[in-house]
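Heads up, there are several structures right after this.
The following pair of complexes shares a single chain, chain A, combined with chain B in the former and chain C in the latter.
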Partner chain A sequence: MSGAAIQVRGLSKRYGERTVMEQLDIDFATGQFTVVLGPSGCGKSTLLRVIAGLEEADQGTVSIGDVDMTRTPPQSRGCAMVFQNYALYPHMSVRDNIGYALKLAGLDRVERERRIGEAAELLGLRDLLDRKPTQLSGGQRQRVAIGRAIARRQRVLLFDEPLSNLDAKLRHDMRMELRRLHNEIGATTIFVTHDQMEAMTLADRVVLLNKGQVEQAGTPMALYHQPRTTFVAGFIGTPPMNVLTAHHEGDYATIEDGGRLHVDQRASQRTSMMIGIRPEAIALDAPNGIIATLDAIEDLGSHRVIYVRIGRQRVLAIDHGRRPFQPGETLSLGFPPDAICCFDAATGERMARVAEVQA
Partner chain B sequence: MKSSARFHGRWTPFVLGLPQLMLIVLFFYWPTLKGWWWSWHLECPFGHCSTFVGFGNYARELKDGSFYASLLTTAVFSALSVSLSVLVALLLAGMVELHQRSGKLFRNLLIWPYAVAGSVLGVILKVAASPSIGLMGYLNTLWPGFWQPHLSGVQAMSMVVFAFAWTQIPFDFIVLVAALRSIPTDYMAAAAIDGAGPLRRFIDIQVPMIRPQLFFVAMINLIDSITNSFAIIDTMTQGGPGGATDILAYKIYRDGFIGLDLSGSSALSMLLMLLVLAVSAVQFVMFERQARREA
Partner chain C sequence: MNMVERHPLLKATTLVLLMLSLVFALGPIYLALCSASVTSHQILLHGLALLPGKYLWENLSAVLHRADIGHMLVNSCVVSLIVVAGKLALASTSAFAAVYFRSRVRHLVFWGTFITLLLPLEVRIVPTYAVASDLFEPLRSILTLFTGLHLHASLNLLDSYTGLSLPLMASATGTFLFRQFYLTVPAELSEAARMDGAGPVRFFVDILLPLSKANFAALGTIVFLTTWKDYMWPLVAISRPEMRTISLGISTFLPTETGQPPEWNLVMAAALIALAPPLVVIGLTQRWFVRGVTGVGK
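And then the complex of A and B:
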């Protein structure tokens, strides 16, 4: 089974007075696993439902596989979808739930049974086929919902926060399984979530939405290491990137009460900027570093999260060492130059490095 | 701390409940007891003498062929009118649910007939279905003898079935609209994604999911059709022609008030009550079972 490319153009959607999205353009490449990520209310579920045809856009077009489907009813779009609360038909057995779409598609009994069997095999549902949804656990229901979506072998698979009702362990297992399934099936997949961890682990490409606009789209690593804005920096990562206000003069940024940093950033008219740095990039014992006061330590076993203050600004660092720390201690932090992101203080957008500009 | 209002007097609740209690006792329990009493006695037509006969009245009714004829008529009438009212109400509810834009208006319009009394509706429909005037009169001039509910038992039965279903549809409709509305929209969305159009969704998802409510309205209709159809029959056919619409509730009235066989008709009432009790018992058992399945 192969996928189909999806193009969304000029999409606008309002609910009464509230504008959810305005003139949104997004492309989803054939066979790619795209995670649409964003805080609640950013319009990500609406986007998914518009693509599925469950909601009508006020403006804009949706095309699937180069066919304009803006006015096509959901049953004719060739999409399959997994809902957040699974929406398994309560009066049908697992077999009938998975087979319903196949029956509607006009497949004969033999072919239907074969496909149901395949999906059940893939998801480990073979012993549950005759049960009703109420007799299943949350994780099993989730599998049935996925089975129902993949059995019909549609070109497009849509997931609406499918893992948010599962406990942490199950969620982890399902993530691995979904990735494996995608590699086997190859349908164009759109996965909506507010969990950046799911985005990082599942996606070929992440689209981060904020207030109905694309904040950044790219590979998970691109969003992680080169956030386009301070919003992306603060949304991706656990804990997220530290963003500090600094004073900018020439090649240097001065963090109040902390010290001076060399930044690869010149020719700016502005005198204030934002400095972004990942917690794990911060060195805790650097000679002549930024002066910080240690507030608290969280020991997670594998690593420690160190809460420090530079002047009045809170910074998180991750430490893998074993050195004992005392709250109130003064630390000298090292910010490696290539780990520093500089953001425009006014727009929140990342400024290109000198090296990037010259290249 | 002061909770909700409390009455301290021991008799206050009884005094407050008295008007309702009196109504129930006077118009429900008293006649029932009286009927129970009469069904074991042979009563003179004007109530001035009374002889205990034991099962005599029951034996007489149960040996009478007209009882079984009336029972069969009741079964036919109930089955047809219940099916018709539930089916029409289901279709209307489904259509209202499909077109939600003006759904509210239609919902209100369709609930109104519920406020019309059975006898009023009976008179209206009798005029509407009159073989000599209106639409039916016109059809009779085109095809003489086409519509003769006063002669044809089948036509008379279909007329009262139609009329009685008409009185039941609004209630069924309200219940079914509420039932359809309570189905989470995600099921419908999932079915649409699975490739089901509106009609398939209705048949495969909506109707099975409101089965408990369908059963509920069918049961209510069934009990109503046994006990509450008197007004329609009395205004439209008076049990005729030739007993074709002589359902039990009407036979009781006819035997008692026209035939002045108070004892026989009391025995019949008791039998009818037994029938309704049986239907109610079935309903309770089914609801109980369903509640247990859902729990």
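And then the complex of A and C:
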């Protein structure tokens, strides 16, 4: 089974007075696993439902496989969907749940059984085929919901926060399994979530939505290391990137009560800017570094999360060393130049490095 | 705040209340059973019997000989089953329309249905009778009023199964029961069905109907019972003896002329016979009925 490319053009959606999205353009490449990520209310579920055809857009078009599907009913779009609450038919056995769409599609009994068997095999549901949904655990129900979607062999698979009702361990297992399934099936997959961890581990490509607009789209690593805005910096990563306000003059950034940093930017006059740095990039014992006061330490065994203050600004750092720390002690933090992201204070957008501009 | 108290006094009160309601429910049936087993003479002398007598079979067979009880039972069964079928079909489909279809007239239709709750058959019995005696009468009046045309068609539904059952069929209570149930069915279920390629009718038949089995049993039982014991409409709509229902049949044992002695033992015996079919219905649907009423049937 191969996937189909999806193009969303000029999509606008309003619920009464509230505008969910305005003139949104997004592409989903054939066979790619795209995670649409964003805080609640950013319009990610609406986007998915418009693509599925469950909701009508006020403006804009949706094409799937180069065919305009804006007015096509959901069952004819070639999409299968997995819902957040599984939405299994309570009175049907697992077998019938998976086979219902196949029956409606007019497949004969033999073919139906074959596809149900394949889906069950793929998801480890072999022994559960005759059970009712109420006799299954949350994780098993989720597998059935996924099985129901993949048995239809559609070109597009849509997931609406499918893991949010599972506990942490199951969620981890399902993430691994979804990735494996995607590699085997190869359908174009759109996965909506508010959990950046799911985005980082599952996606070929992440689309981060904010207030109905694409904040940044790219590989998980691109979003992690080169966030386009402070919003992306603050959304991706646990803990997220530290964003500090500083004064920019010449090619130095001055953090209040902290010290001076050399940045790969040049300002002709004194302006304010934001400095972003990942917690794990901060060195805790750097000579002539930024002066900070240690507030608290969380020891997680594998690493420690260090809470410090630079002047009035809070900063998190991750430390893999063993040196003992005392709350209240003064540290000298090192910010490696290539780990520093500079953001425009007014727009929140990342400024290109001098080196990038020249190249 | 703990609502479910495990206090001995509370438990005792609950028990007493339950016993009392049991006495109220079963007491009349016990009295009927006792009074149906004594002679007419004894009742006229001593009032309703408090202890069972020896003449139950005699009285029952007297009832069966005196009136065509079998035919009346059949009439009642037919009418009740037609009403049950019609009402279930109407209620489930109208509630389906009210919950799952977006339409501008949706609210109008819904509140229109709601308002009919204020007009039970007893209130509108005269116009209902007029319509049943000639189904085309309203149509004719409207036609004449607006076009001046005269339509020469009439259809008398009195003294027929149709006339007996149709007016009892449409009522808002069933629609509401189903509406409440459909509202508890997650919206994702209908969306999943749409994605799976099921149209509205398929969704209704394949998903909603099986899920509302308990509601069907509950409403079906209630409707069967109310139609079975309905006295007013058959009394008005029926004049031919062979169309009489059992609830009318019981009254044939009441004296119609002054001076004729009332035979209460036979009235009670007839009432006992009339009680049997509903008992069977409840026995059959009881398990589903409880689930449907308490809403645990999913």
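Here is the rule we go by: the second predicted complex is superposed on the first by the 355 of 359 C-alpha atoms of A that agree within 3 Å, B and C clash if a C-alpha of one lies under 4 Å from a C-alpha of the other, contacts with A are read in each partner's own complex, and residues count from 1 in each chain.
In the analysis below, a contact is a pair of C-beta atoms (placed from the backbone, for glycine too) under 8 Å apart; a residue touches a chain by one contact, two chains touch by 3 or more.
Remember, it's a predicted structure, so these values are computed and weren't measured experimentally.
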item	value
Superposition on chain A - do chain B and chain C clash or fit	clash
Which of chain B and chain C A:His91 touches, first, second, both or neither	both
Contacts of A:Tyr15 with chain B and chain C, given as first, second, both or neither	neither
First (chain B), second (chain C), both or neither touched by A:Met81	both
Common interface residues of chain A - those touching chain B in one complex and chain C in the other	52, 54, 73-75, 79-81, 83, 85, 87-91, 100-101, 104-105, 148, 152
Chain A residues within the chain C interface of the complex	52, 54, 73-75, 79-81, 83-85, 87-91, 100-101, 104-105, 148, 152
Chain A-facing residues of chain C, complex	186, 188-189, 191-198, 202, 206-207, 210-211, 298
Touching residues on chain B, where the partner in the complex is chain A	184, 186-187, 189-197, 200, 204-205, 208-209, 211
Of chain A, residues touching chain B in the complex	49, 52-54, 73-76, 79-81, 83, 85, 87-91, 100-101, 104-105, 148, 152
